[in-house]
Structures are given as structure tokens and as C-alpha cells.
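Lettered A, B, C, D, E, F and G in written order, each chain numbered from 1.
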Amino acid sequence: MPGCEVDGMEQPRPLDALNRARDKRVMVELKNGRQLSGVLKAFDIHINVVLDDAEETENGQLKRKLGNVFIRGDTIIMINPS
Amino acid sequence: MPGCEVDGMEQPRPLDALNRARDKRVMVELKNGRQLSGVLKAFDIHINVVLDDAEETENGQLKRKLGNVFIRGDTIIMINPS
Amino acid sequence: MPGCEVDGMEQPRPLDALNRARDKRVMVELKNGRQLSGVLKAFDIHINVVLDDAEETENGQLKRKLGNVFIRGDTIIMINPS
Amino acid sequence: MPGCEVDGMEQPRPLDALNRARDKRVMVELKNGRQLSGVLKAFDIHINVVLDDAEETENGQLKRKLGNVFIRGDTIIMINPS
Amino acid sequence: MPGCEVDGMEQPRPLDALNRARDKRVMVELKNGRQLSGVLKAFDIHINVVLDDAEETENGQLKRKLGNVFIRGDTIIMINPS
Amino acid sequence: MPGCEVDGMEQPRPLDALNRARDKRVMVELKNGRQLSGVLKAFDIHINVVLDDAEETENGQLKRKLGNVFIRGDTIIMINPS
Amino acid sequence: MPGCEVDGMEQPRPLDALNRARDKRVMVELKNGRQLSGVLKAFDIHINVVLDDAEETENGQLKRKLGNVFIRGDTIIMINPS
């Protein structure tokens, strides 16, 4: 997934950052204030995301284990590779 | 439904995870805080979803049985195969 | 309306479930918490819906009769064939 | 505006119901809880609507007369031909 | 801007009503409950609107004069030619 | 950016008003109730806007200086050339 | 990324301002009231943004360090190059 060209130079794109985070642990913050951590397995242009080994955390404390989970992109505020 | 190609390698896509969950029991969380569990029978790119044998649960307790139900994708936060 | 092909097999789609519910009584839940029951006469890809013989119910009690009603899709959470 | 074909049969579409209500009195419910009644003069695929002789009502009581009014579709919950 | 054809007859469209209100005074109601009156100078398919000689009113009382103002369409509930 | 043609006459479009306000001071009102004033340097069809020499004001009082700022269009209610 | 032409003259576009801010420190304000500062590494037309060396601040005080972070565009109010 190469970046787009601007004045003959390639510029990085936001999805490149997600691509680098693939198979690594990320923290996903949702619009309802919840936080999920997990291994980023897949994403698409809508920022729909699949995490493996996912856990919901609250103030850094484990709240529940979710395992494999599909998250709809429009509920996501940010994704933070750790 | 094969993944998209990136640098000659196929990458998994979020909908692949839903496809693997087809005919299996999933937990669907809605933006209004409700939780539905049921057997995933169908989904589309909008994440519209059809569950069979669906039940609404509250804090893990059965609240009511819904049977077959169509859920509009934009009300969904996450889908969690069990 | 046949399903989409995946690996040579046809997969069911969410709108197929609505198509099977045509001319049957359904319960429609709206984002504002209201519930409408009626006979499903028409729907489209936006999940705009037309019900005949529609009634608004509250906690299972009849609140008012609406007759024929057009419901805008983006206000719908779920559609539940009875 | 004929219906779409499904398995060789024409199926009714939601906008057909609005078309039948043209030049008739309808009740329009908005997402902010308000109710407008008026004669349906025009609509489009976004469910933008024009009413003539429109009145805002509250619990069935006339609140104010609006005459001709354009209503943006994304504010509408339902349209109820009387 | 002629209407669309239905069964060989032209049907009026919602934007026709706005076109007739061009250069006339209209009342615009916003989703945040505010009301703006002004002379409708321009609109587009998103219902972005430009008013001249605009005033914000509250319960029919002048609150402040705005002069020329661009209003983003997705904040508008209704437009009411006077 | 000429207007669109209607019945052989050119009609003004909303973005024309923004184009006339380019390099002039405007007041931008946001959906969260905040007000930004600044010199309009750029805009696009999403009503994404760039202001120079921007200031946030509250009830007409300067709250803070922002300098150059990019504002996402979907957060804007109205733009008011002064 | 050159500007668009209007009457033979090139006009600046909002994304040009973001392009100039690339690799510089920016303040990003989110719709939920939070503020993130960081080095702008990437953005796209949805205003999805990637920041490096990101920090969340509250009233100008450091709240937590985030490092590299992907922010979904629809959660952003404004981006303010410092």
C-alpha cells in the first residue's frame, strides 16, 4: 500500500500506520468511552477493525476478555499501537 | 471472499472474520447499550446483520427471546463470536 | 434476490430475511425507543420501510393505531418478524 | 414508478407509498419529537418533503400554522398518510 | 429545474419549492432549536443555504442581526417561506 | 465558479458566497456552541474550512488566539462574513 | 497537491494547510472535548490523521503520553498547527 504522490514525492497515508500495526497489540478507544486492547488482525477503509485476544479495560484494569471481536469503524475514536 | 493484495501478499479483511462466524453464535452490542446473542445467518458491507434464535441479554441474564431478527448495521458497536 | 457468491457458494444476505417477512407482521424498534408493529409491505436498501395496519406499542400495550406508515430507515434499530 | 423485480415478480417499494399519498394530508414526525401535518406536495429519495397547508401539532392540538414548508429528510422519523 | 417523470407525468420535487422561494424571505429552523429569517439567495442539493439580511429570532423576537450568512445543510430541520 | 443553469438563467450557489468571503474576516459557529472568527483562506465542498489569524470568542469576548486553524466541515453550523 | 482553478486562478484548498503542517506539531481537538498534540505524520480526505509523539492534554496540562496514534476523521473538530 504505497503512499499518494504529491509533487513527485510519496506521502505517508493514515492507513499505512494501521498496516504497520497489523499483528501487533493496539488500544482502541470507542466513542462510548470504552477501551479495547487486542492484536490487530484486519482493518478496512471504513476503519472496521478485527482484534484477536481482545480485552475490555477500564482505567487500565481488565474488565472482561472478549477474544476475537469485530468493531464497526464508526464507533472508533482512535487506535493506538503500543 | 479473498483478502486484498498488499505488496503481493494477501491481507485479511474485517468481513472475513464475520464470514468465519457465519452459522455460529455471536454476541452483538448495540450503540444503545443493549446486547443481543444469536446465530449469525447473514451480513453485508453496511454490517446489517441477521441473527437466528436471537435473545436480548442484560448483564448476562436473558431479558427476552427474539427469534429471527434483522439489525441495522449503523446501530452496531461490535460483533463478538463466542 | 439471490445471495452473493463466496467461493462458489451462495451466501444469504440480510435483505433476504426482510424479503421473507414481506406481507407478514413484524415488530420495528426505533432509535428513540418506540416500537411499531405492522404488516411489512415494502423496504429498500436504506431499510426505509412501509407497514400496513401499523400500531405503536409500549411495553407490549397498544398505544395508538397508525394504519399505513412510511418509516425512514436511519431511525430503525431492528426488525423482528413474529 | 414501478417496483423492482424479484424472481420475475414486481415488489412494492417504500417510495410508492409516498407517491400514493401525494396531494393527500399526511402526518410527519420529526426526530426532535415534533409533529407536522400537511398536504404532501413533493418528496425525493432523501425523503426531503414539501408540505402545503402545514400545521405543527402537539398531542393532537394545533400549535401553529406554517403554510408551505420544506422539511429536510434526515430529520424525519415517519410519514403517516391519514 | 423540471420535475421527474412518473408514468409520463411530471411530479414536483422538493427543491422546486426552494427555487420558488428564491429572493423571498424564509424562516430556517436549525437542529439546535434556533430560528433564522432572511432572504433566500442560494441553496444546493445538500440544502446548504445562503440568506441575505438574516436575523436570528427567539420566540418571534429579534435576537441579533447576521446580515449575509452561509448555513450548512445538515443543521437544518425545515425552511418555511413566509 | 459560475452558478448552475436553471431555465437558461444562472442561479447563485451557496459556495459562491463563501468564495466572495475569501481573504475576509468571517465568524464560524460550531455545533458544540463555540464561535471562531478569522480570515477565510480556503474551503471545499465538505465545508472544511481554513482560517488565518483565528480567535475563539465567547459572547463576543476573546477567549483564546488560535492563529492558523483547519476546521472539519461537519462540525460547522454557519459561516457569517462580517 | 495544487489548488483548484477558479476563473483561471488557483485557489488554496483546506488540505493544503494540513500538507504544510506535515511533520510539524499540531493540536487536534476532538468532538468529545479532548485535546491531542503531536507531530502530524499523515492525513487523508476523510481527515483521518496519524500523530507521532502524541500527548493528551487537559487545560494545557499533560494528561498521558500516547506515542503513535491513528485518529478517525469524523471525531475531529479542528486541527491547529502551532
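Convention: a residue touches a chain if its C-beta (ideal position, glycine included) is under 8 Å from a C-beta of that chain, and two chains touch if they have at least 3 such contacts.
Given the structure is predicted, the values throughout are model-derived calculations rather than measurements.
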item	value
Any chain that touches chain G and chain B	A
Contacts common to chain B and chain F (chain labels)	none
Euclidean distance of C-alpha centroids - chain E vs chain F, Å	18
Interchain centroid distance [CA atoms averaged], chain E/chain G, Å	33
Residues of chain D touching at least two other chains	74
Order in which chains appear around the ring, chain B first, chain C after it	B, C, D, E, F, G, A
Interface residues, chain G side, partner chain A - complex	1, 19, 22, 30, 32, 36, 41-44, 48-50, 66-72, 74-75
Contacting residues of chain D [partner chain C, same complex]	3, 6-7, 11-18, 21, 31, 47, 73-74, 76-82
